[in-house]
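Next, two complexes with chain A in common: one pairs it with chain B, the other with chain C.
After this line comes the complex of A and B, so read on.
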């Protein structure tokens, strides 16, 4: 185990009461650095792991479950090194990104086999299949499944193990909107039960819907951590964008230009987009200003508080 | 008005005991048995293993039938095939069976990406290989021993002294055939598994394995015939289990080029052991990093 300690000061990257600890972990493959000096921890609830392709998400997840050894640093799951420690896997289930299913088995056979392999009995097989809404297809060979159905079979094979830690690599790939909603609800429920659920995804809207906390990786490094609004607030070098709509946008724009809280104003159609370093201050100032000008303010909407905007800022220029 | 109900689709907690590595290895073993025999799979998956089994067993059944027929004609003591001779027939089929079974056991795990699933279960690479090898061993042993059981049980009723006396007098043959089967198993299964560990499709495991074994036989015969190249007889890996079998069954002197080269059963046992250990070592190395 590495001697690298947890951060001294509270860090958004370090979950309180962590079940998975990643301490100064690096991983390189020859000359390529996949993960660079990463320190973070995962605890109860759903954590979304975000990053563009090649950011190192899958490499990190594989190290979390012991499929890869860190080149440097250390990973601990429930206080133990997952590498070459089969006992850890009684508490840990993984859904890999790749298919990882036998085409010749039915979904029920696959989930049942997963249960027997982990020694948990087959009593929960039907519930796991129901949890991913795969009952109708459970007795058909997986070779005939769509990508989304295979994904759900893999998730069911992980759910049936009833472990306190779940690591899911792109589990929503290939699923349709209804299936996604179903799986997201299932992940949220697992997180609410106090399990540690780590989900990697590049579909930002879905991470936003399911994760209590986000870790964003870029080029193998941790680019941001915390909840989305907090990450956005921490980006003090990037002004917030707010969309306003009024019956005379030009008059309101002219009045706003003189305000200290406003960085820039652009008029677009019936509305205007304002950049500000202090969106709350802008919010307090704009309503009295519009009233004093005799204008009706019909919209005040932050444009870049979404995870997509935050993520776009994080990876800009890369 | 119809009452509505909302079902809790959340997954049920596992309240019971969580089994460990032994249970996981047993699960792999059972899965291996089913996979090699094509059980719980479509008919296509059953065709090859069961056809080969039929080819191995049917001659024994036929010989028994012929023996009964000749006895009914008043011709006593006709024995069409001895157990030792029957191995010469099943040895070739066993080579094919082992090649197919090993490919079927190991290749899909790698080709379908399921190895990483195994690697994130309470299993070591050694447990995985043990479970798979045990499955292969059970099926191949059964495959080779079954025809001998048929011969043994079929001859008993035709015995002039009755089945009981026959069985008591000849029970030793079952130990001999069992030990001989183990010899074939030890000689064929480890290299077959090694070929399967590196193949991307089952056919690409079984084909090259059978080809290499046959080529080794042909090549060593050609080399040994040169006179000064007797040592090459050791490379005929198919010959070794046959030599050991003849030794166990008290039927020496049928060792062909190998015998003429001056080697005996202990050398064959040594070669079988060396090949098996080397293959096992390479297999463990291959599977130490399954992801």
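After this line comes the complex of A and C, so read on.
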């Protein structure tokens, strides 16, 4: 039986058939509120937890795995509170953000140690090391590893447990582009196998490449949930951004300020960025306006509907 | 059982790695060094034992044992917390009592290895020069019990605070060496004296104060201290946030 009740109405923050459930969870440290009244759930596939530094991502993840207790609310992993049931760690693995490695061990010893402590066979150690492309360095002490190699050793120590639930806190920190692509492919593969994979990051492009679903956190609160396009659609009040370039951006900006289609204008170098709720209307209006001012319009380009644009809006709006 | 053994072995390796081991071994050999100097002027076995009780034994029990137990006991969980590896061991399907017991055993074996080498060196000196072998066994037993008692307390302290070494030194030199020596009634709650009572040989009454010599009593008291420490650390591991 689930220890945490699902919300009454369907919510994009609540995954169907969840393996991790978070209900009305808050966490505060003294006067500082790190997570505030957050309800969400995670199910099969890769879920990206996105937010700037200090958004509360790490605090939330540490509550998910039982390293922190919620000040209020409840967390359940596979129906159990991890703080009361260490046995849940047979099904749950985490890659913490901090350098949780033993420098005096080799990567192979470290992964084997993780397997031994978790009561799983050590037969999968080599496979886990290969999954993060660390074979060449597997028998070197971790103390001599770069940040990216340490990250991969930590990921291998989580993969060796072969758990249905994986929580990864900024697992790509310090990795180079090749390593990053390798790890992203590995996470996607795990999600495709039906495992619950929760990955936090403050780098938007990473989350876009990894996650089927995104939860965006700002100031300890859930700012948005869903896939990237769904978040965008749900936030109908987000102005579209259009990049314009002209030979006199200040004059064009001044003329655009009074236009009904324009929400805001910012001049940047030879161009200007216009925010509008009606991009088609702006398109119809801007060319005649430029002509009437005697200006040459060299660029009219809607900015990409990337997660980054959504995220910037979310962060700015708070 | 494999997990328990792996935890103990890793704790030992963690605590006895690098320069720390060399420094602690040098500290551990100080009593034997002092004894070697004192024995140069002794001609009889009784005089040699008296000389051993006069300075090397107090140095071993008042300085070497508590300092080694403090550094290694407080580090067993304190280092894990400082280095961020505490989450690594907590995210395992292991009972917290087992985790606490394994960390205590690992820290105790580390402290014991340092102190026992020093004690054995002193005992061997007595035996080799004066055929006085009777002190070695009781001495090693007392060292084992004292280091277990100290390590139990310092393991808990090391998890509670990042200033465990400082607080531990205050405890050792103000409480154990100072107050329990100055106020006779407090001697019965002195970890050092409880452990030393297992030595059981005459001539150390001044060091023991009101504590009666005897291995059985020492063993029982130290077992209670160790069990209490395991229970306390297990409770802390269950309840405390790992930030």
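Note that in this section the second predicted complex is superposed on the first by the 248 of 318 C-alpha atoms of A that agree within 3 Å, B and C clash if a C-alpha of one lies under 4 Å from a C-alpha of the other, contacts with A are read in each partner's own complex, and residues count from 1 in each chain.
In this section, a contact is a pair of C-beta atoms (placed from the backbone, for glycine too) under 8 Å apart; a residue touches a chain by one contact, two chains touch by 3 or more.
What you see is a predicted model, and the numbers here were worked out from it, not measured in a lab.
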Legend entry - Superposed partners chain B and chain C on chain A - clash or fit: clash
Legend entry - Broader residue contact with chain A after superposition on the shared chain, chain B or chain C: B
Legend entry - First (chain B), second (chain C), both or neither touched by A:67: both
Inset, instruction - State whether A:119 touches chain B only (first), chain C only (second), both chains, or neither. - result: both
Inset, instruction - Would you check which partner chain A:11 touches, where first means chain B only, second means chain C only, and both and neither mean what they say? - result: neither
Inset, instruction - Pick one for A:93: touches chain B only (first), chain C only (second), both, or neither. - result: both
Inset, instruction - Check the residue A:162 against both partner chains and state whether it touches chain B (first), chain C (second), both, or neither. - result: first
Inset, instruction - State whether A:104 touches chain B only (first), chain C only (second), both chains, or neither. - result: both
Legend entry - chain B versus chain C as contact partner of A:83, first or second or both or neither: second
Inset, instruction - State whether A:36 touches chain B only (first), chain C only (second), both chains, or neither. - result: neither
Inset, instruction - Of the listed stretches 3-11, 93-101 or 165-173, mark the one in chain B with C-alpha atoms clashing against chain C. - result: 93-101
Legend entry - chain A residues contacted in one complex by chain B, in the other by chain C: 62, 65-68, 86-87, 89-90, 92-94, 96, 98-102, 104, 113-114, 116-119, 157
Legend entry - chain A residues within the chain B interface of the complex: 62, 65-68, 84, 86-87, 89-90, 92-94, 96, 98-104, 109, 113-114, 116-121, 123-124, 127-128, 130-131, 133, 141, 157, 159-162, 186, 189
Legend entry - Contact footprint of chain A on chain C as seen in their complex: 2-3, 6-7, 10, 13-14, 17, 83-85, 87-96, 238-239, 241-243
Inset, instruction - Quick one: which bits of chain A touch chain C in the complex? Just the residue numbers, please. - result: 29, 62, 65-69, 83, 86-90, 92-94, 96, 98-102, 104-105, 113-114, 116-119, 157
Inset, instruction - Sort out for me which residues of chain B touch chain A in the complex. - result: 7, 9-14, 16-21, 23-24, 27-28, 30-31, 40-42, 45, 108, 112-114, 116-124, 127, 290-291
